[in-house]
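You will see chain A twice below: alongside chain B first, and alongside chain C after that.
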Partner chain A sequence: MTQTMRPPARVKARPAPPRRRSGRFLPGLGRFALFALPGLVAYALFVLVPIGMTAYNSLTNLNPFNPPTRFVGLRNYVSLLGDTEFRQALVNTIIVTAIITVLANVGGLLIAMLLDRPTRLYVLLRGVFFTPVVLSSVVISVIWQAILTDDGLLNSALRGLGVDEPPGWLSDPGLALYSIAWIMTWQMLGFCVVVYLAGLQGVPRELNEAASIDGAGALQRFRNVTWPMLAPALTINVVMLLITGFKAYDQVRVITNGGPGNGTTVTMAFQVVQTAFVSNRIGYSSALAAVMLAIVAFISVVVLRFLQKREVSQ
Partner chain B sequence: MRRTLIFGLAAVLAAAGCGVGETTQPESGAAASGGKVELSFLVFETPNLDAAFWDAAIARASAKVPEVTIKKLVTPNIDRTAYAKQLDAAGNLPDILQSVNPAGFAQAGKLAPFTDEELKNFIAPKAGAIGGKVYQLPYNTQVIPVVYYNKDLFAKAGITAPPTTYQELLDISKKLKDGGTTPFVVGGGGADTWADMYPLTGTVATDVYKKTPDWLLQRAQGKVKFTDPDFVAAAKKIEDLAKNEYIDPAGLSRSYADTEQAFRDGKGAMYPMGSWFATSADANKPSFEVGAFPWPTDDGSPVTPTFTGGGTLVSATAKNVELAKKWALAFDEDKENNDAFVRKDGSIPAIKGYTPPADMGPVYNATVEIYTKGMADGSIFDAFSQEAGDGALPPGLADKAALGVQDLITGKKNAQQFAEFLDDEYAKATQ
Partner chain C sequence: MNARPIVATFVGVVFFLPLYLVLVNIFKPSAAVVADPAGLPFPPTFDNLAAVLNRPDHLFTFGLINSIAVTALSVTVLTIFSAMLGHYLARSRHWGAKVAMGTLLCGLMIPVPVIMAPITTVLKWFDLMTTLQGLVLVNVGYYVPFGVLLFTGFVKSVPLELEEAAALDGANRFRVFWQVVFPLLRPASASVTIFLGVWIWNDFLTPLIVLGPDSGTTVTVGVYRAIGQYQSDFGSVFAFMFLATLPILIFYLALQKNFVKGLTGGAVKG
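For the complex of A and B:
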């Protein structure tokens, strides 16, 4: 069978509509600048200027209650190296971040797979799981404090079940940090669920069907089809959880105030605020904030690069 | 292009200019209208001192100083000093502030001092002085701590009278514990870490301040240290109370309100707390009778740790400093306001000629009796971590001390380590 290829019919060129003049007043680039300028000004005022001020203050001994302010060079940064409280805050922050990143991802994925059904009940359940995400961290902290305190709901239930001395979830220095991490995980779980659900709904059904026909079991289908397709969702979740973990403040402030004891649940963000507004050492706290910014930025960029490479290779 | 950028910048600046005008205009207007000055007043709310309490007290003071209108600001939590610092850092220190610790603010010239003439009606006009000047009206006295106790639990354990020596306190604690009752209710959870301080405040008064009343002033001068034997001995008493399980570490998860509730629920027999608990116990009676005794010394001699001050402060940059001071004095000296403070917060007003309402309850009266006895026998001393003025802890150290007490109670630090920790923190805070 032969097929004759006909040349495409020539379309009679219609006269182009008269091009609207962009105006002498606002040429293309100028119009772009006009629209971008308010955003740029706001970004500069609320992000770049504060970062610049923080960087500058970190080189001073600024203490509004103990003037005069002097330029001290890198002394604050050198002091940080030997500051055991800073090291403890850094370790605590890393522990909290690691826990919420792993648990919220694993839990979120499992729940998303369970909820990936089109019935109304599952749609309702998605809303239930997402509710903690939209609640204020302070509200969530107050609720969990009522649950985890010594006389709280959890220990009352445990006592009811015959446990004579239930754990001090918030009063035991060995447990308090993990309680904080659990509360943050619980709050972020819904976010991960929604992101993974969106990812799951983007996995073409045909791929799973083809894998089934090829004899792949459920686990193999997940490993070789679903999981690689969820790479963008994993990237979003991991980066968001890393940022959430590194800026943990509200829960610590409301639930433990850094205790029990000195430094037990202190995170970097908490230490920055305490140093600035309780101890009045704004210069030193600015150095803390600058180091925190550098750490968060470095880890976020490295993880983002790694996960994005993974997305491409998938 | 350049013209476009200039136009855009002008538009943004114009918008920003409009915004500023809109926020400042009403204040200027209020100040100008009818010759009245609008002054901001920072207060804090607690279960005892609620919004209605502050509104009524403000109205009474404003009636006496009609040229002032008050814009009430409320702190987000009980830590009004930390919030005042945040407002100050943003350049928004309120004109008048209630019960904020003046340390730091005064030295930095942010507060207006009161003159001797303005302080003539106060019993202790120089209380809390900083460099000889008084920045906070010394309007009331609080005994910190008073040991409130559950008379039913004492009776159940066969205890017939409150202790008069520290050894008796230990004996009573042992009896209570052997009978299955936790001797002390101590809290400090959530943002209320400060609530764990009171046993230590008691032991520092009996073991340190009794010998050296100006100990903290000497600490500032470098003459003494926390690691000196007297202070370590005071901390060791708390370490031992916890080791003997007379203080339950699980209580450290309880907020201030939950701690009070735990005492009300009979979860412990003794509740070392500030004298403000008295009116709470009278107004909302527990199911048992509450008694009160001062923290005992080793030899039974009297020691009454107190704090006098805690009143209103005026910003040095208030819109009208003289009017603000006039209003602050009207607020703190008003008889009805003081009656309200007595009824709601168990305060013991330090105003000349003031007598509390005759119908105060038994716990308040027992508390006042402790104070009156202390005044009579000359056993009034400072309350550690509550001090204001030259003899106060540096900013932030009281919070650190409260966290350190948690370490003492949980066994994470012993008394010596706690004292070393305080010396380290003192050095950092005074850098």
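For the complex of A and C:
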């Protein structure tokens, strides 16, 4: 923004003196090597090269304990189409992602509106909701495991209240995935609250007052004034939660390890890691990883662009 | 009659309940945890905390040392590398800088599981698998896009005239950067330090795989290793978690104030 406002003549005149001067000490290439290269090399070695290797490995049957490695073309991807475990992981991941995206956004918005007051009590409560965001998902998982496990704190309390057979929150194959989604929602809720609060504080008072004078009720004011102004906050939260959902791994690994039953809580990220490091089928795992990356890239680019377009049109 | 404070407090208390359960049960003997999980710990016992600190396998103490070393080293290197790279890319008019920036931004969305297996291969090339140095390097490579993103955004608010003036006074690029630009980037450095410090401390999959099962772990992975052994002895598990979280929580709270001060103290204006 600021750059476009500068007069063009100054932009042209600017780079000359320092460049010539510093050239004596550090020619262009040296400056690149000193300032840019360290970060770029680390990034290339531990992100770009691995991405390339994942793409290449996905076209092979690489398994370190079962040589020789052969090039198999797209066979891994074809196998994925008929792989019921993959389909289950995909469906599980979509369920978890959908639940956390909806619940954390709705809950986050409601709580943000509740806490949108400057006094001490509300500032303290913001801190309460934000605490899980700062904690490790491993820690969050262990806390909730202690609460939700069969003889855990929740079921002990329920038995105390006279419920004879409380649900197996983590041991019932039909329930465990939803428990995982609930735990992730609880952790991410504070993130949404903080982002929505920042959005709410950007809504000018005068707008709401003007609408109020024009006779708009609370609901109308929210729909026509507040909600459109929250569009950027919605974009951040939705994209953040979609990505968080699609890479869900820690909670599954710590709490259920994919069970109970036959992979009822396996997510795509969990399947990628298990296939690579437990079954040692690196080739197949790479194809899974490539599909996962494609989905995350789709979300990051397409959903982000769609939501940003919505921001502008409003 | 204003219901807002009552509703807000109620929702906050319900939300906080899981954390409350952790805090009270750390100070109770196992029997009391099962009998009365929600009750206050009177009289409190410090046996659970002491047991974690005095574990014969040193899972906590060694993990703590590893976590501090890995987090401190990673964050320091990341701040330096991404400040330099971010500044370079923000100021460069070369087309390559735009390409590099775009490539780095793509890295922001790549989930760790997608690249975990090849990362171990790369580490093996340098014989760095199961070493703390290897873990630090992986962290640096993986988180550098985030650091660069924050720093480039901030560099644009530092007036170019300042750098030109320093250069005219005879400072070379290196001095201009470290003595003029970097101090002005303090709010960005603070955010990079806070975010990455918390993320790296809390990381699970990367240290789990890179450090492996035989050598030492970080405290976060230590929590995972500890739950297998304690089974349903919640008091001990909670004590381990509490001690594993305390350092990063203090770090976060201490730096957060600094961060706000940096933003409001007019540091940017120079």
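Please note the rule applied: the second predicted complex is superposed on the first by the 275 of 314 C-alpha atoms of A that agree within 3 Å, B and C clash if a C-alpha of one lies under 4 Å from a C-alpha of the other, contacts with A are read in each partner's own complex, and residues count from 1 in each chain.
The rule is short, and it goes like this: a residue touches a chain if its C-beta (ideal position, glycine included) is under 8 Å from a C-beta of that chain, and two chains touch if they have at least 3 such contacts.
Since this is a predicted model, take the numbers as computed values, not measurements.
Chemist: Given the touch rule stated above, what does A:L48 touch, chain B (first), chain C (second), both, or neither?
Modeler: It touches chain C, and chain B stays clear.
Chemist: Counting residues of chain A in contact, which comes out ahead: chain B or chain C?
Modeler: Of chain B and chain C, the partner in contact with more residues of chain A is C.
Chemist: Touch test for A:I243: chain B only (first), chain C only (second), both, or neither?
Modeler: It touches chain C, and chain B stays clear.
Chemist: Return first, second, both or neither, reflecting whether A:Y122 touches chain B, chain C, both chains, or no partner chain.
Modeler: second
Chemist: Which holds for A:A157: it touches chain B only (first), chain C only (second), both, or neither?
Modeler: A:A157 contacts chain C only, not chain B.
Chemist: Looking at the overlay, what does A:P173 touch: chain B (first), chain C (second), both, or neither?
Modeler: In the superposed model, A:P173 contacts chain B only, not chain C.
Chemist: On the A-aligned overlay, A:V278 touches which partner chain: chain B = first, chain C = second, or both, or neither?
Modeler: It touches chain B, and chain C stays clear.
Chemist: Go through chain A and flag every residue that touches chain B in one model and chain C in the other.
Modeler: 25-26, 31, 34, 38, 145, 149, 151-152, 253-254, 276-277, 282
Chemist: For a test of understanding, state which residues of chain B touch chain A in their complex under the given definition.
Modeler: 1, 3-5, 7-9, 11-12, 15, 82, 85-86, 88-89, 103-105, 107-108, 188-193, 248-255, 258, 262, 265, 267, 395-396, 399-400, 403-404, 406-407, 410, 412-413, 421, 428-429, 431
Chemist: Please output the residues of chain A touching chain C within their complex, sorted ascending.
Modeler: Per the touch definition, chain A meets chain C at residues 2-3, 14-15, 17-18, 21-22, 25-26, 31-32, 34-36, 38-40, 42-51, 53-54, 57, 111, 114-115, 117, 121-122, 125, 128-129, 131-132, 134-139, 142-147, 149, 151-153, 156-157, 186, 189, 243, 246-247, 249-250, 253-254, 269, 272-273, 276-277, 282, 285-286, 289-290, 292-293, 296-297, 300.
Chemist: Give every residue of chain C touching chain A within the complex, in rising order.
Modeler: Listed in rising order, the residues are 4-5, 7-9, 11-12, 15-16, 18-19, 21-22, 34, 37-38, 81-82, 84-85, 87-89, 93, 100, 103-104, 107, 109-119, 121-122, 137-138, 140-142, 144-145, 147-148, 156, 160, 163-164, 167-168, 172-174, 176-177, 198, 201-205, 209, 220-221, 223-224, 227, 232, 234, 237-238, 241, 244-245, 248-249, 252.
Chemist: State the interface residues of chain A toward chain B in the complex, per the touch definition above.
Modeler: 25-27, 29-31, 33-34, 37-38, 41, 61, 64-67, 145, 148-152, 168-173, 253-263, 274, 276-282
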